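Each of the two complexes below includes chain A, the first together with chain B, the second together with chain C.
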Partner chain A sequence: MSTCCRYGVDETSTLLNAVMTAAKPSLKSLLARHEVVLLIVIALEILLFQSLGRRFLDGTNVSNIFRHSVEIGLLALAMTPVILTGGIDLSVGSMMGLCAVCFGIFVNEAAMSPLLAALLAVGIGTLGGGLNALLIARFQLPPLIVTLGTFSLFRGLAEALTKGSKSYSGFPDSFLALGNSDIAGVPAQIWIFLLVALGIWLLVHRMTIGRSFRAIGYSPEGARYAGIPVRRNLGLAYILAGAIAGLAAVILVARLGEARANAGIGYELLAITAVVLGGTSIFGGSGSVGGTLLGYLAVAVLNNGLSRITAYQLFDQPISSVARELSGMLTGLLLLLALAVTPLAKALAARRTKT
Partner chain B sequence: MKPLLQLSDIRKSFGAVRALKGVSFDLQPGEVHALLGENGAGKSTLIKVITGAHSPDDGTLTVDGESLRSLTPSHARELGIACIYQQPALFPDLSVAENIGLRLKKTSAFAKVKHAEQRALALDLLKRVGAEISPDAEVRELSMPEQQLVEIACALGSGAKIVIMDEPTASLTQKEQHLLFGVVRDLRANGVGVVYISHRLEEIFALADRVTVLRDGESVGTHPVKDLTEAAMIQLMVGREVAALYPPAEGEPGAVVLSLKNLGCSASGVRGIDLEVRAGEIVGMAGLVGAGRTELARILFGITPADSGQIVLNGKALTLTSPREAISRGIAYVPEDRRRHGVILEMPIAHNITMAVHPVLFPGTLLRFKAETAMARDFIRDLGIKAYGPDAPGGSLSGGNQQKVSVSRWLATKPKLLILDEPTQGVDVGAKSEIHKIIRNLAKEGLAVLMISSDLPEVLGMSDRIAVMREGTVTAVLPGGADAHQVMAAALGQSGKEVA
Partner chain C sequence: MNGRYSREITVAAALGLLLVALAVFAPNFFELQPLLSRFTSQMPALVAAIGITLVIITRQIDISLGAQFSMCAVVAGLVAAAGMPLGVAILAAVGTGIAMGAFNGILVAWLGLPSIVVTLATMVTWNEMLRLWQQGRLLPLPDGIQWFGLSQAGGQGLVIGIAVVLLLAAAWAMRHLAAGRHVYATGTDAEAARLAGIDPKRVTLGVFVLMGGLAGLAAVLNLVQSPQVQPNSGDGLELKVIAAAVVGGVAINGGRGNLWGVLLGLLLLTNVNPALTHFKMEPYWERAIQGLVILLAVVADGMKRSKKSTA
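Take a look at the complex of A and B:
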């Protein structure tokens, strides 16, 4: 049973009793499952956009939903182990900027093959994650502060390398295919995303290190007393996040055909939104990769849908001008609502069993 | 003379635990009244009742002639009750004068702070307690005894008539103790009543007029100090007979498993420990809270590594710098703080039980759920853990069953040495004797057991030998048949050498 936030002992047991004594699942107890709430939200989004716009669910657009958001999905996957340990990584978006710029330099100025440059970009992401890991796991500094620092540092480095304005383009078509072609009818980068998702799922749900992420998230001291290598595993979560941010940068460059210092601005927040929306507790410990994927889907569908209704009118007003603002606002509302529904349903369920 | 404070038949329970079962106590003006009792006898709870932190379930408090059912902290302060805790509760980032001003002056949140007035007040009070502390110093920079003096200055400044001191000398040097004693005597001379809590009998003889002894949440008597000998005081504290409820030892202990030679760790105040634990033997470790027993366990488990001496396990000298290392060498530690260190309450008991054996149970790091559940079921059956199944979260279990989960985790590592730290603390009576049986059976199977406990009957009943710690070192190793007086005397350091 996954819970979206930390419950005290008593609460857990009453909740448990509530679930166990209910003869058949009531609507309320069903709503107490975060995944169900998310599925409903996603269904509502799809219904809304399908009714507003034409061909929302046609093949091309479904492809686009994923193609245009896969980087956020990758960051959300990378963020899941980090948040499970009770941490946070605000630097992954900036890391994408740095890795994108480095990739551009490697190909354009050092004349490297895109493959080698991509490997090096992932390597740079790994190193940057290593810096976070060093400060957080080794020196026990708070993740929020450390990654807030590297958030500025990495972006600043990217801007310094490009002197603020330079961008790199002219990549070979074979590389651009990574971002723009289909393999077996599915966007090429989605295959990479699925591989990463499988890997993270294995890590979190099927390997001892995933178990230790949870233990660290619930109680770092308790984990240490159980002989878990807390520092090492904590560090690995951040190193992995950096590596995946590097990969996301390469994919973004392949899609846009251009490497700029502003790649991935704000992506870290969307990724965190997706993870938390997916039911992973921001305090660490509980959460799932499946939840993250659903959370990502909810964010991705919303953004795509909003970008499409710009062409239409709502209440006889042209709304194209406000679409961008609307997107941010609705993402925020979605997060707050999804977070509120589960505890509300649980509180109602608990109250019912008491009386 | 009308007493400053009178408590009659105070009762207080926390859930099923009856902390105070009818305590009566009175304090006269110009008196130092000592409170004495073993760990867990109810002293802290009683203080909290007096300061208004806890409200009693039953009984009455009479403060200065006014009868009350209970107090709130602010009401207690208005009535002139001040408490100086072992750990001073000052704001570390503010200056001494600011701390004193904050404590003494009641003003609205937006009132202007009168710095000069505040400083003069602080200067005067500090002089009265004989402290050479600048009122402008930041509290962060002060030593622990200096902070205590600031607390006492606050108590003086508030015009407190009742001052409670909870082990005030625990962190003081001899010289500072003398200074403190002088302040206490001054308070007494000014008609203040002082409730003085200390484990050090010599201080009680040096300072107190009367002593009230608490045992198992009851007051077992109030006596003028001059009527008592040290031996009589210990007798009062220990009192009861050790019930023959403990499983008997069988057979002779085997080879030496653990041998400590002059072991010390300056960071945690442990020094010069020599101790042996044999296979099949339970060595009980007695001592007062703060004597360094948990600190020793933490050294042996690699949490705070030793910086002097030797740890020899099965003939091999070890350097232990992490729990992981200690585990791989065959050392297991069931920690004192079950809820923080022993069990992760949010995780299923199966996950808790297998947590220390990941490398063994899951070779190649892939989780094997069947093997995990099977292991958990085995322990649930063998140790009689009451839970609805291996998936039950640790937090849904009672204290005793949580402790069994914690023990299971360590038995799963197949240790050579098992260290138990307060194994039955906060555990109900039934589960307690079950845990005792488990520990004895483990010893029978050849495990070397080091059992830290503040529960004296438990130490006496379970141990094949008893090591007593005091002030960071082992002061006595007594045979299993030792009586309570000997153990208490060694724990209190009743040699008389350090009498102030």
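Take a look at the complex of A and C:
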């Protein structure tokens, strides 16, 4: 089993690609690499916002770009294994809401220490991910509808627990420091993010379990015949996603100083966008953690950059004050564009060979 | 209860049980005027549910329908507020819906992209565009729009009438028209449908366009029930109608389901919340219950399938 996974089809093709790229490093083959295109997009974004925006590349703003978006980055990391298996998890944003509310209750009403409450919140995320895993991997139900159901269930539980409007605050300063202080000149939560990124990278690119995600996404039946425990590994991807969503919720609460039922609304879209922008196929089977990180960077820079533009107006409002709506809209369009590029290019190429 | 209509019978029994419980414990639930108002207010969801049923039978999904609904309501409201007659406003709403549905349909049918991600993206795009454009303003409507300019009873009758006629027409067409059978064929096996001379891409595009048009019409049926337009009137509608369809026995894997089951599913789900308030429970549980019901329906469906495959 291990030999088959270590030298699978996709390894060979990567090797082949590398050899061919090395042999002929033309501009065209360089542009064909997803990461290169993404780096160009990010560079263009930075140029645009630096020229239109106010103090975009200022030191504090650069650290804000990461501080304010690290939760999306965590969800994107969590979503990568799931999408690699050909699945999807729409429930991660709602899971953040539920974990945030539970964390607030543990600290405020059960008088727990923030550390214990955070561990329990991550535990609840793991359990919620476990519910997804049970239904998707064990009962073989479609991930789309299962996670649409838990999307509603988790947010609904968060609303029920807070009776729709209650919010929890008054957390100790030592806990809020996690969201608002720097360690060695870098926002504290970025260190956690880097650790998680390293862990996911090791899992996906260096471990047998992680490498099986792509095999499952490429062909679940084939993966099963190759001796991969498909159900166990599929379940693991969803459990991991739930746990990381719990962690993201704790970090969000630490930054905002407040836990509400609406924490993380719409974050699932941003995470999926980052993953797909990063070159992971939405049908599963191919993609990389490095791509996801670049995709996340593109989304994060867009979100932040728009909020720095005060000199230009849209619908009689400075762009900075409608940045949230505008970046949401552009993220949606960006996702569609990223999805449409490959099939459009294929269709055009097919037409060219025909004529 | 393993017959062809077992799901419909189960849901009808659950609905019956709920109504009997309400009759015994909260008889004022059945007072005519509130009951009629509640029923009328559920008609827009019924119209949207017709659309999503067709989409799911084709083995697709559309979670942007709530955003389409909101957008169409605002467009119709602006047209009406500009002094145009109601007919023009209705055409504008339906036309906007068709355009948005066609956008989804082209991306899904022609480019072969997964509908869940496409409609997730269009949902957010339309919603944020609407927020950017309207900034949460309430849009007051001119006189003569509410209840189509009729009396309240007349307007309620017309709203219910339109929805019921649409339901009957759609149910008949799904069973007796070639186009209706093509929807089932495409959802059961697109490749087999293609070999049988059906163009699955056209069918897929068609159901998304129809979904958009129905979302526009549903928005109109909702708009005439109040003196103003909420800028986010369609929020959460997608979950409500997807839940209704799944509970009503529409298979999420496509190819199976009928509109009568969906009607029962919708009635069951929409009466859960009034029942909760009548039984003095907190209404904040609505979304959680909706999610739980979706999961239960999917599990029931999956267990039925695996039983069939092992037998």
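Methods note: the second predicted complex is superposed on the first by the 292 of 355 C-alpha atoms of A that agree within 3 Å, B and C clash if a C-alpha of one lies under 4 Å from a C-alpha of the other, contacts with A are read in each partner's own complex, and residues count from 1 in each chain.
As a working rule, a contact is a pair of C-beta atoms (placed from the backbone, for glycine too) under 8 Å apart; a residue touches a chain by one contact, two chains touch by 3 or more.
Just so you know, these numbers come straight off a predicted model, no measurement behind them.
*Asks:* So in the superposed three-chain picture, is A:L141 touching just chain B, just chain C, both, or none of them (first/second/both/neither)?
*Replies:* second
*Asks:* Given the touch rule stated above, what does A:L52 touch, chain B (first), chain C (second), both, or neither?
*Replies:* Neither partner.
*Asks:* Give one of first, second, both or neither to describe whether A:R214 is in contact with chain B, with chain C, with both, or with none.
*Replies:* In the superposition, A:R214 touches chain B alone.
*Asks:* Please work out whether A:L119 is in contact with chain B alone, chain C alone, both, or neither, and reply first, second, both or neither.
*Replies:* neither
*Asks:* Compare chain B and chain C by how many residues of chain A each one touches, and report the one with more.
*Replies:* Tallying touched residues of chain A, the top partner is C.
*Asks:* Which partner chains sit in contact with A:L348 here, chain B, chain C, both or neither? Use first/second/both/neither.
*Replies:* Touch partners of A:L348: none, neither chain B nor chain C.
*Asks:* Could you say whether A:L339 touches chain B, chain C, both of them, or neither, answering first, second, both or neither?
*Replies:* second
*Asks:* Considering only touches as defined above, state whether A:L153 meets chain B (first), chain C (second), both or neither.
*Replies:* Second partner only, chain C.
*Asks:* Would you tell me the residues on chain A in contact with chain B in one complex that are also in contact with chain C in the other?
*Replies:* none
*Asks:* In the complex formed with chain C, which residues of chain A make contact?
*Replies:* 88, 90, 135, 139-142, 144-146, 148-157, 159-160, 162-164, 266, 268-269, 272-273, 276, 282-283, 314-315, 317, 322, 325-326, 328-329, 331-333, 335-336, 339-340, 343-344, 347
*Asks:* Please give the residue numbers of chain A that touch chain B in the complex, ascending.
*Replies:* Against chain B, chain A makes touches at 6-9, 12-13, 16, 206-212, 214-215, 218-219, 221-229, 285-286.
*Asks:* Give the list of chain B residues in touch with chain A in this complex.
*Replies:* For chain B paired with chain A, touching residues are 301, 303, 322-324, 326-327, 333, 335, 340-347, 351, 355-356, 358-359, 362, 365-367, 393, 395-396, 409.
*Asks:* Could you pull out which chain C residues touch chain A in their complex?
*Replies:* Per the stated touch rule, the residues are 61, 63, 107, 111-114, 116-118, 120-125, 127-129, 131-133, 135, 239, 242-243, 246, 252-253, 282, 284-292, 294-295, 298-299, 302-303, 306.
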